[in-house]
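Every chain is named by a letter (A, B, C, D and E) in the order it is written, and numbering of its residues begins at 1.
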Amino acid sequence: MNAIVQIPSTADAGRRAAGLQPAISVNRLNKFYGSFHALRDIDFQVAQGEIVVLCGPSGSGKSSLIRCINHLERHDSGSIHVNGMELTRKASDVARVRRQLGMVFQSFNLFPHMTVLDNCTFALRRALRMPAAQAEALAREYLAKVNVANQADKYPAGLSGGQQQRVAIARALCLKPSIMLFDEPTSALDPESVGSVLRIMEELAATGITMVCVTHEMGFARRVAHRCVFMENGAIVEDAHSAEFFRNPRSDRLKGFLAQVL
Amino acid sequence: MNAIVQIPSTADAGRRAAGLQPAISVNRLNKFYGSFHALRDIDFQVAQGEIVVLCGPSGSGKSSLIRCINHLERHDSGSIHVNGMELTRKASDVARVRRQLGMVFQSFNLFPHMTVLDNCTFALRRALRMPAAQAEALAREYLAKVNVANQADKYPAGLSGGQQQRVAIARALCLKPSIMLFDEPTSALDPESVGSVLRIMEELAATGITMVCVTHEMGFARRVAHRCVFMENGAIVEDAHSAEFFRNPRSDRLKGFLAQVL
Amino acid sequence: MHYDPILAWQSMPDLLAGTATTFAVLLPVLVLGLLLALPIALARLETGPKAKAAAGYIAFFRGVPSLVLLYLVYSGLPQLSIVRDTFLWTFFSNAYFCAWVGLTLTHSGYMAEIIRGGLAAVPTGVIEASTALGLTPRQTLFRLRLPMAARYVLKAYQNELLIMVKSTSAVSAITLVDLTAAANTVFDYTYDPFTPLVTAAAIYWCIVNLMRTGFTLADRKLNRHLART
Amino acid sequence: EKLVLGNEGSYPPFSMVDASGKLTGFEPELAREMCKRMNVECDIVVMDFKGLIPALLQNKLDAVATQTKPLPERKAKVLFGRPILFNPDSYVVKADKDYTFTREGMKGVRIGLQRGSAQAKYIDEQFGDAVEVVFYDNPDQIRLDLTSGRLDMSLGPKISWTNEFLTKPQGQGWKFAGGDLWTGGGEQGSSWIARKNSQELLDRMDKTIDTIIADCTFTKLRKQFMEVELLPEEAACR
Amino acid sequence: MPQMGFVEQLGIGALMTIQVAVLSYLLALAIGTVFALATLKRRLPVDVIWQTYASIFTGVPSLLVAFLFYYAGSGMIASLFSLVGLSVTVDVSPFAAAVAALGMVYGAYLADIIRSAIQNVPPGQFEAARVLLVPRPTAWLFVILPQVLRLALPAMTNMWIVVLKDTALISLIGLKEIMAYAKLASGVTKEPFIYYMLASVFFLGMTALTYVVSQRIEQWTQRGYRPVAAKERAHAL
């Protein structure tokens, strides 16, 4: 089921081989919350089609990084490029970059007052101004892909957590992003639902889409990710091929962390 | 760290060796929510000092069973005995049985408007009418046991999830119950906090207290539990020594379940 | 003291005319108040001078009795020559117009606070999801935040509306004969306080309970997603 | 013996509350004099005019010491004592306007009246819907609206309109018109009132007031508050 | 210029307004709490009583309720007592009628507010108190009430301001509150605006005071709740 990836990534994320444009390129990124320094000089590249897992202790800045990339938080210095386009504060730039990105949140964040189908067609119709019928067809297609086609007319509250998260994934996929960002997509789920969401993510990975995923599911990281990145205190501490990452953790902190979560 | 247990349990929970009174004895218990049959003819015994882990898919009735035992839900037929006392609907019986039981919830349920110390002394002072100074000393002792002594004057919202759950455990222990019930105590926690709570539970197990614990932490079950019980659709499907439970799952459903969560 | 059905029947045309006046005052006020409240609520959610100004507006118009506000608009403003001697007078000479202005100000003060509460209750995560899906802030506001806020504040809005229906009777102070005033007129002529007031109370009761039913239906429709299965 | 009397409290100079909070004006003073002579303890309760008769009927008051016109529907409910004053009504119109007070002449005129008053009833009977009537809770508002231009005219008691409007700066340019009118069934005097079952009390009050008028105390009291004579009997005290 | 004498009277009226408002509000709180607790679980007889009560008292203007109590109250009380065979004559004072009317009307509104606040206290809080053997009254008082207060306070504060302002409507039953004095003073002095403005200043002052006090109470009820981090206003218009 695992995809054959086109571009093998190099562990040395700073300088990537030329030729193909990186999907995401973050350079010397800094982010402050008030006076709190949440991201420190982050350099982070993701190649086209690459699957990257971000991990690290709570409060290390994983969410902040993901959220900066699609401008849910503003960064204070450094630059972010997505598919070659720079992310500035200009509304038009933000919109252009966001068109490339799909985002899945830990707490699903489905719109509670809309049916599953409306959740999916909402952005298609409002942001892309797609005709209702076409939007619906597209939404149903993606709902079927994540195995919740039969729930299309229910409200989110009527679904299990795993089903809700799969709807959230379908909702993001409808917009055909070239890159998907996941922020702990399974950590609000019960143990059995986790499996169903991870399976969908694996299938998705196999389609060659670019993925950045914050998760503590180390099994998933091992099986699916090309690269794993370990963050602590707002900085990237290790960035390695996933096999290498688990086999040979260099820093003591990562060793300790892996001991805890494995 | 693991305790030497006085009474080895037998896998055949229905007929326990005579002599010592069982801590919990549930017989032919049935529970309905409206017309929904949530617990079906449950027979379930826990010996004094025994550590039992309850597991099973979501909705299988694990919480319902735990909640019937301390009368947070009324059972519809069958009987429940705790340390030999029958649990009826009489308020005095309910109170007597609850005196034996400590309960720890998935979502901690700390009182948000009281400090950690007040959370622990509240029941001592209001329910047991213990003098303030004595209650405080006792509370501090138990807070120290769960390694949160230095947080005593903070409010729950200022603590991490793991710390909150340990406070909840201390709060329950203050009342010196002879049996502790845990309902998924770690599933609302981040991966690193899980460790700290499981460690406290292991230490607690080593003191010889009786424990019934709903959890999907199979590592914990393997290391600490004497017996594991698997429920599905409101019925107990397997009930075995924990070594046996993991090595030789008899039913297909348990095999499938273990494959998912391990 | 007893209820006089004949008097009640005879005074019915007057009371119904009063009811019509009540609605003629009320309906524009509800619409205008809502429209005015929205930008104030949004300003209140920001920080800085705009929020302060909005807070001041809300505090002032919620605090001043609407009776005083009506007097001020109806009898106070004509003392100013820019009102008295310009085209404005064509509006302010009309008691209905004054009633609309006065009550709209009061109503918008309350509504701004209600709307603010509703908007603040929309989970940030949902707003972020909409943002991440590429909706503009304006689309997010009108398509998502307001519809969700409306669901949260339905009960508060119902209360405000019911209180508003009844406090419309303050307009009798500026010569409009609303339902309460009509009942009072009958009372003035007959010295029977009981019959006309109970009849008026019955009409109010019908109006209010129609509204309550309407709200129950709206609640059922809007909050379908909360229905337990 | 104790009597509870009702009084309007906001109809200067007949009845008002002064800056020290004391109820004063011609009627309260007259009532106090009456009580003194009747040798009873009196409690004068201030209440909205339209609350007075209902309160009287509900036994909350023993009598009402506020001038009340003997309209037929009032006479059906309460007893009227001897007249306290004769206060004809008259139209108040712009000084430069002349109206003929017929249905045709009054067509489209905006007239301000007190809600529930005898004048309101009179206008309704005389002109029906030919005129546009605007109702007010108190006469001060009518005066404000006359000057602001919302109204063409009003109809009201001459004494108070003279005192409160025509002799004041804002009343410049306004005049009485249409002569003296006795609205409210044509009866001329306004009286104090009591419940139907209090004939005996009312008789005692009337007798006492007769003595007050006879020894000119009435006129003395009246002069503290206004110039115009209220009763023909006052001629004897000039 | 306002005359000091009339200003003093306004002050007396203001005191009356505050008395009526405070007593009415306390009565409304009591009624609201009783109904909120009684209707927490849906039970048919209680539900019927509550629905009838709510529909009447939210359906009829408080002024009319006050009127009815004032004029027909004695009769109603007498007939209530005659049911149990007692003959009682009670004279309903304007004050009692006003307090009863406002209390019963706003009790209906407060019941809704309080009930939904109780329902929004996480059920786990009740359960935690139960398993800790805390007696029910103690749990309500020390665990639930502070949390209910936190949730209901804004709406309760609103209702207080509404009650305060509604006292002005009942001068018609002879209750001399501040607006009645403003009316009297402007009737005598022919300077309406000054006294109505003063009355408004009183109401604005009370609203401001309410704000300050409610902020205090809010701080108290918010203890332990982390201040919500002021997120970037990316979503505002």
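Here is the rule we use: a contact is a pair of C-beta atoms (placed from the backbone, for glycine too) under 8 Å apart; a residue touches a chain by one contact, two chains touch by 3 or more.
Everything numeric here is computed off the predicted structure, so don't read it as measured data.
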Select, from all pairs of chains, the pair with the highest number of C-beta pairs in contact.
C-E
Farthest chain from chain A by C-alpha centroid distance is chain D
Taking each chain's centre as its mean C-alpha position, how far apart are chain B and chain E in Å?
45
Centroid spacing, where centroids are CA-atom means, of chain D and chain E in whole angstrom
39
Can you check how far apart chain B and chain D are, centre to centre, with Cα atoms defining each centre and the answer in Å?
84
What is the distance, in whole Å, between the centres of chain B and chain C, each centre taken as the mean of its C-alpha atoms?
54
Can you pull out the residues of chain B that are in contact with at least two other chains?
none
Listing for chain E: what residues touch at least two other chains?
71, 192, 234
Please list all residues of chain C that touch 2 or more other chains.
1, 75, 128, 131, 193
Help me check something: in the complex, which residues belonging to chain A touch chain C?
70, 72, 91, 95, 98-99, 101-103, 105, 107, 109-114, 122-123, 126-128, 155-158, 168, 171-172, 175
Contact footprint of chain A on chain B as seen in their complex:
57-58, 160, 187, 190-193, 195, 216, 257, 260-261
Interface residues, chain E side, partner chain C - complex:
55-56, 58-64, 67-68, 71-72, 75, 109, 112, 116, 154-155, 158, 161-162, 165-166, 168-169, 179, 192-193, 196-197, 199-200, 203-204, 206-208, 211, 230-231, 233-237
If you look only at chain C, which of its residues touch chain E in the complex?
1, 42, 45-47, 59-60, 62-68, 71-72, 75-76, 110, 113, 117, 124, 127-128, 131, 137-138, 140-141, 145, 155-156, 159, 162-163, 166-167, 169, 180, 193-194, 197-198, 200-201, 204-206, 208-209, 212
Spell out the residues on chain D that touch chain C in their complex, using ranges where they run on.
50, 53-54, 57-58, 73-74, 77, 112, 115-117, 121, 134-137, 141, 144-145, 148-150
